[in-house]
Each structure stands twice: as structure tokens, then as C-alpha cells.
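Since the structure comes first, as C-alpha cells, the remarks are kept for the end.
Lettered A, B and C in written order, each chain numbered from 1.
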Amino acid sequence: MYGKYLDNVRKMQPMIHSITNYVTANDVANMLFACGAAPCMADDVNEVKDIVMLSSGLTVNLGTLNKDRFEAMVVAATAAIRSGKPIVFDPVGAGSSESRTAGAKQFLFLSKPTVIRGNLSEIKVLAEIQSSDRPVFRGLTRGVDSPIAGFRDSLQSAVTLAKKTGAITVVTGESDLITDGKTLVCVSNGDPLLKKITGSGCMMSAVITAFISANPDNLLEAVTAAVCAIGICGETARERMTKEDGNATFRNYFIDAMYNLDGDTLDSKAKVSIKGAQDEDK
Amino acid sequence: MYGKYLDNVRKMQPMIHSITNYVTANDVANMLFACGAAPCMADDVNEVKDIVMLSSGLTVNLGTLNKDRFEAMVVAATAAIRSGKPIVFDPVGAGSSESRTAGAKQFLFLSKPTVIRGNLSEIKVLAEIQSSDRPVFRGLTRGVDSPIAGFRDSLQSAVTLAKKTGAITVVTGESDLITDGKTLVCVSNGDPLLKKITGSGCMMSAVITAFISANPDNLLEAVTAAVCAIGICGETARERMTKEDGNATFRNYFIDAMYNLDGDTLDSKAKVSIKGAQDEDK
Amino acid sequence: MYGKYLDNVRKMQPMIHSITNYVTANDVANMLFACGAAPCMADDVNEVKDIVMLSSGLTVNLGTLNKDRFEAMVVAATAAIRSGKPIVFDPVGAGSSESRTAGAKQFLFLSKPTVIRGNLSEIKVLAEIQSSDRPVFRGLTRGVDSPIAGFRDSLQSAVTLAKKTGAITVVTGESDLITDGKTLVCVSNGDPLLKKITGSGCMMSAVITAFISANPDNLLEAVTAAVCAIGICGETARERMTKEDGNATFRNYFIDAMYNLDGDTLDSKAKVSIKGAQDEDK
């Protein structure tokens, strides 16, 4: 069921325009190649409109945000909206600084992302759900809730943000939640090591962009397929590791796993449960 | 014949100043180390003149172009010209946006690159040869010509650009073409996986810079040696791969292969054919 | 003795704010994860103050210096000083350009780094010790002194800079010297391959930040533990290498080694000698 979405990416080879951070740009580009897409990382305000026109989809990632890059993001998003191309928004670190939170909210207001993907802290901030958690940066697990409270929080934040924005919202964590505000999808693929490399979230956002660009007719399933694919690649990477391997080798194996993933394997390994959001919300 | 050019790089250990993009800068730096050179990636307009003075050669790569970086490129190139240091120009994505094409042409007009290296789309745009191809970004193979038409196009574009600019022009593709406008060199080393990682072109441009910096007396052969070396490293990397490896591991093995390449192996594996450009042009 | 400092990093999981260069940012982030810390690489002047507040320590790395990033460094350092958080300063390339040298000295004047870490050329420039060496960029070994003269130079530069600034000063080279101006520590762990990858110095500076953030009560020993850890990881990485491996695989194994390093191993492999600086100074 989900495998065909990957197959379509490999057939279409969509060019994905990623305005992203310099910390993980290399991994994002190689991960896009690995899933069958092609990366383009131009981030200058004077050219992003042209680049969007050549691309099939746009990822906007707030990682190393600054004024110039933000301006380019807004111009690119406007061009994407006008030309009907999907936008995936990754609000890295929203909640960690005033200017970042403001930037994330401003981007949400000015653009119409097709998908928003973040961790619990980030999505909570955008959904404007109060909580006692202090904002935490990706990878930093200290401040994060216990799994169960976290799950409830994720659910509420994701559904709220999806309803507010019309975007399919993905909250990654112990399990990954995906919702369009009505249907709720829970993906339990993945590996804890994904939190011990930089860029696993950025790579997921870029891969989601590739999947929805190549599968415009069923966005929720395409997003689910992308999230499963990333999780499965984490599992595959872990299986290859020897006692001497660490997070650097895991990162390589993670990208390698995507390079070698096929539709059938994606189908057989996907761990997905689907519910109506209403039921869960009670 | 070509091996000695690599040996000279390892002996001289030239410092190569690379003003490049943030997506592949790390790979470029490690590849420069791998071939025996040393990288320096300073890109601020206020210091690039000083850095050029310490360096043996300059690579200018348009990857993540912006106004500040462009200004630094022009200042650095001016310093390189005045001090007689070779410049390698990599017009990444020329043709993909108006501002990028304009920037690439402006750089060509303001500087005198010793070598220009790009893919067919990029070189075509700079040679101002019309064609029905829409511009494509590196790595994106969709829009690219059939191999045979591509070869003729590459030939014409490379010779035209070389004659126009006086630069040795390298067009990379199925085979790599190198010309100074008179002699035509065709290198058929390489592996298709080089198109499935980000930065293989950027790394080649940097390695060319190292080779011509260490071998100023025979530029065409030094460029040829560098192009062969990169292709051979692609072949070596492929040979090491297991069924589970993908493009991330390929990238590592590619750089590893350069680290371990010696002059004799380069000589024995180089696949080069040389012709007068005139003959081929008919 | 040194192992507990690593154990404390793994227990505390400090978030380390790194304002660094785009060439090695990815490696720095993954190395921070590997040692048990969490990275945050925000570099915009409008948010660094907030980010410092969430962090346990700050690394400032001059790699790809420019005006905007420098402004952010100064604001971040000011916030770190006010909130009592340690600062590690890595003056990459000081001496290579006028503006870089000026920037490095200005940063020293404006901030109060807890630790300064550089190679001999860089530390010498900051200590304002004259010598006939021309400034060299990290990784470029050409201009570097003979080991013995280098050791004396390192000693003098480190002690002078430590006394001048009050910062623990680390000079990396054949052996690594660490001094607070009174005690002199010499670490002889490491591997020559650390000079054949980009970012080994940047990673060491970030790891030092993690170690002192988690061990505020004994800074000199915490710095020593971090320097040993990095050197040991170089040794471990080298041991894993096969004949076909090169600097790219070494880089991965280097980070992997940190991921797998435990306190006991650090203790058993650390090669440290300690003397009063006075004795050595004669």
C-alpha cells in the first residue's frame, strides 16, 4: 500500500528545492538522492522564485535562520503557492528563541504549508498550546515529557495545528503522529539512534516533500509512506551496526538504507495504525 | 604519464582556497586533503585577498550563491589574477535562474579562469549555445540529452567556451570532455553513482585546482590527470560496495579512494583519448 | 581519573551552543551527540542571546568568519559571561588574514573565554609572540616548525596567552599542551590522520565545551579529559582502518569511537604528563 509512493518518487525523480540550514544540508541532499529525488539548495532571495519554478516541491527548514534566508523562504513559498507546488515546513527550534518563534509563526501566516513537521516542542509552540515544558532543541531529550503524557500532548498539538492551518501535521517522537485534523495516523517505525545524529528530522522533512511531490493525489498516505520509510531506514541502519560503530556510521547506513529501500520492503515493514482523530481526542 | 601530476600534488601540498557552497564544503575539504592538498574555505570579502596570497590556487563555486559571496569571489579572483595564481570556475546551476546565469557570466567577464568545469547545461549556457534543453540542476538527469546528441552538444559547447574565454573547459557527463579549444581530450573513467551524491562536481573542480596549482607547466595534462583521478576513485568506490551500501557509503569510499590513489594506479587505470578539436568539430 | 569527566557529560547531556563554520558544522554536531552532549548551531544575532540562555556552554569558532557571524559571536559571548556559562574560543586561521587576526583579537578583548584552543600558529598570533613562521591554516603542515622547536614555541605561546587572558590555553600539535599559566599538561594521545580531515580541531573545541560545561569544578582536568578523549578516538579510529580506508572513513570511525568511548577506557588510554609551568619555562 505505501510502497507505491516510494516507487513513484523513483519514477518521477522530482527536484526538491530545500531552503535549509548549513548544518545538515549535505545529508539532506544525499538523502534526497537516496530516495530517488534530486536536491537543489539555492537560498538567495534573488533566485528562489526561478528555482521554485523548476522544482516539484519546496522544503523550508528554519535550522540556521537569519534575515536573508527568511526573506528567501517567504519569496519561495509565495512562488510555490502561486504555481501549486507543495510546501513542507520544518520549524526547527521554534520556541527556543523569541525571534525564531516569531519567524516560524510569521512563515505560517504568510505561506500555506502542505505539511508541517516538527518535534513535540516545536509543534506545541505553533499550535499555541500551553504546557509546563520549556522549549527544547531537537535532539535534546532532557525536557521532553514522559512517553505517555508526550503522546497525549503530541496528539492535541498536532490536531490543533492541523485544524488551524489546514496542513497535514507530523509530530515526531517515540512514535510519529500524522494528522490532517480528521484522520490520525500513528507510525511506530524508527530507532532511538535517529536522535543521536544531527539532521534526521531535516532529512525526514525533505523526504516528505519528495513523496508528496510525486504523489499529489493522496497526500496523507504519501506523508505516511515517507515517515515509515525514514523509520524503516533507521531500523535497517541499526541492524547493520557492529559493536564498534557509532552515530557517524549510523548516519551513513541510514542514507544507504534509503538508497536500497524498495516499495515491497516498505510495505512489509511499515508499522502504521490509523484512527479517526475524534475517537482519540476523547 | 598522468600519475606524476598526482605525485606532484602530494609533494607540494598546495593550499587551495575554495569559495564554495555550504552543501558540499565539507566533502570538498576532505577530498582536497585526500589528494594531498590542504583546504581553506574563507569566503568573507574582507579577507579573501589575504587568503589568496597564502594559497596556491583558487576554486570559485557558485553553489549557494548570494550577493556577499559573489563579491568575495570577484575580489579573490582579482587577487589571484594579479598574483598569477590559477582559478578554477565551477558555474553550478548556471541557467537555473536569471540571477545565477547573470552572476556566472559576470564572473567570467571579470575574472580570467584557467579552467571552467561544469555539466552540459551549465557550459552550454555560458557558451551561449541555443538548444531546446531546459536548464537542469546538477544531478537532475531528466532533461539531459541522449548520450550521442549530448556528446555532440558537449563538444560544441566546450570548444566554443574554451575559444571564447581562453580557459580549459571541462564538460562532465557520461564521458568527460576537456579542451583548450585546440586539443580535445575525452576521459571515460567514472561511475554512474557519482551523479547520486551531492558534490562530486564540486570535488572534481577543487581537485583540478590542486592539480594545476602543483603542475603549472602542463595545464591540459594536469586537468586530464585530475579528471581521470576523480573518475578512477568513483570506480574504486563502486568496487568496494556491498549489497547493503548506498550513496552515503559510496561518498566515503570515493574520498577514501583518492586518499589511497597513487601515481602508478592512476596511470594504469586512466582511460583517455586525445584528438585535435578541428577533426572532431566537423 | 579522567573518565569521570566523560561520564558526567553523558549524565548531564549539556546543550552546547556552537557558533561555528559551515564547513565542519555537521561533524561538530555529530561529535557533540557522540560524547553525550546535544548541539545547537544558531548563529543569528537576533536569537543567540536566547539560545545561550538555554545552553550549558558556548563554542565560538572563527572558521568561515563574516561580519554578521562575528556580531552574533560577541552578543552570545556577552550573554554567556553574564549568565556564568563557559566559553571556548577557537581562533581558526588567526594570522591568515588581517581581518581575521583583528577579529580574533577583538573577540578576546570583548569576551572572557574560559578556554582558548588553536594550533601553534593561531595561539602564537594571539599571544603576540614573534617568529619567522608565516601563518598557516589548520591542516597545512608546510610552514610548521620542527617538532622540538615547535614544542618550545607551543609552550611559550600557551603560557603567555594563558597568563594574558586568564583562559586555559590548549595548543594542539604533535603533542597537545594545556595550561592555565601555572600548571602545564602534555597529552600525547592522537594520530597523524587527525590532520588529514577537516574539523578535527573544531570538534575538539566543541567537545572541550561539553566537558567543562558538565564539570565546572575542575576545569583544567575537564579540558585534559576532553583532549585525551579526542586523541584516543583518533587512535581507535586508526586501529579500525583497513588498507582501502582513507580519511573519509577515518572521520566516521573517529566520531564512532567517541560514541563508544567509556570512562574506564578513557582512563586506561590517556597519556598525560603534568608539570609546573615554571620548571618548563626555563
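The definition used in the following text is that a residue touches a chain if its C-beta (ideal position, glycine included) is under 8 Å from a C-beta of that chain, and two chains touch if they have at least 3 such contacts.
No experiment lies behind these values; they were computed from the predicted model shown.
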Interface sides of chain A and chain B: same vs different residues, half threshold: different
Inter-copy rotation, chain B to chain C, in degrees (Cα atoms; steps of 5): 120
Approximate Å spacing (C-alpha centroids) for the pair chain A, chain B: 33
Per-residue overlap in chain B, given as positions that touch at least 2 other chains: 22, 26, 251-252
Residues of chain A defined as touching chain C within the complex: 21-24, 26-27, 63-67, 93, 96-100, 134-137, 139-142, 196-199, 243-249, 251-252
Complex contact set, residues of chain B against chain C: 13, 15, 22, 25-26, 29-30, 33-34, 38-44, 46-51, 54, 68, 240, 251-260
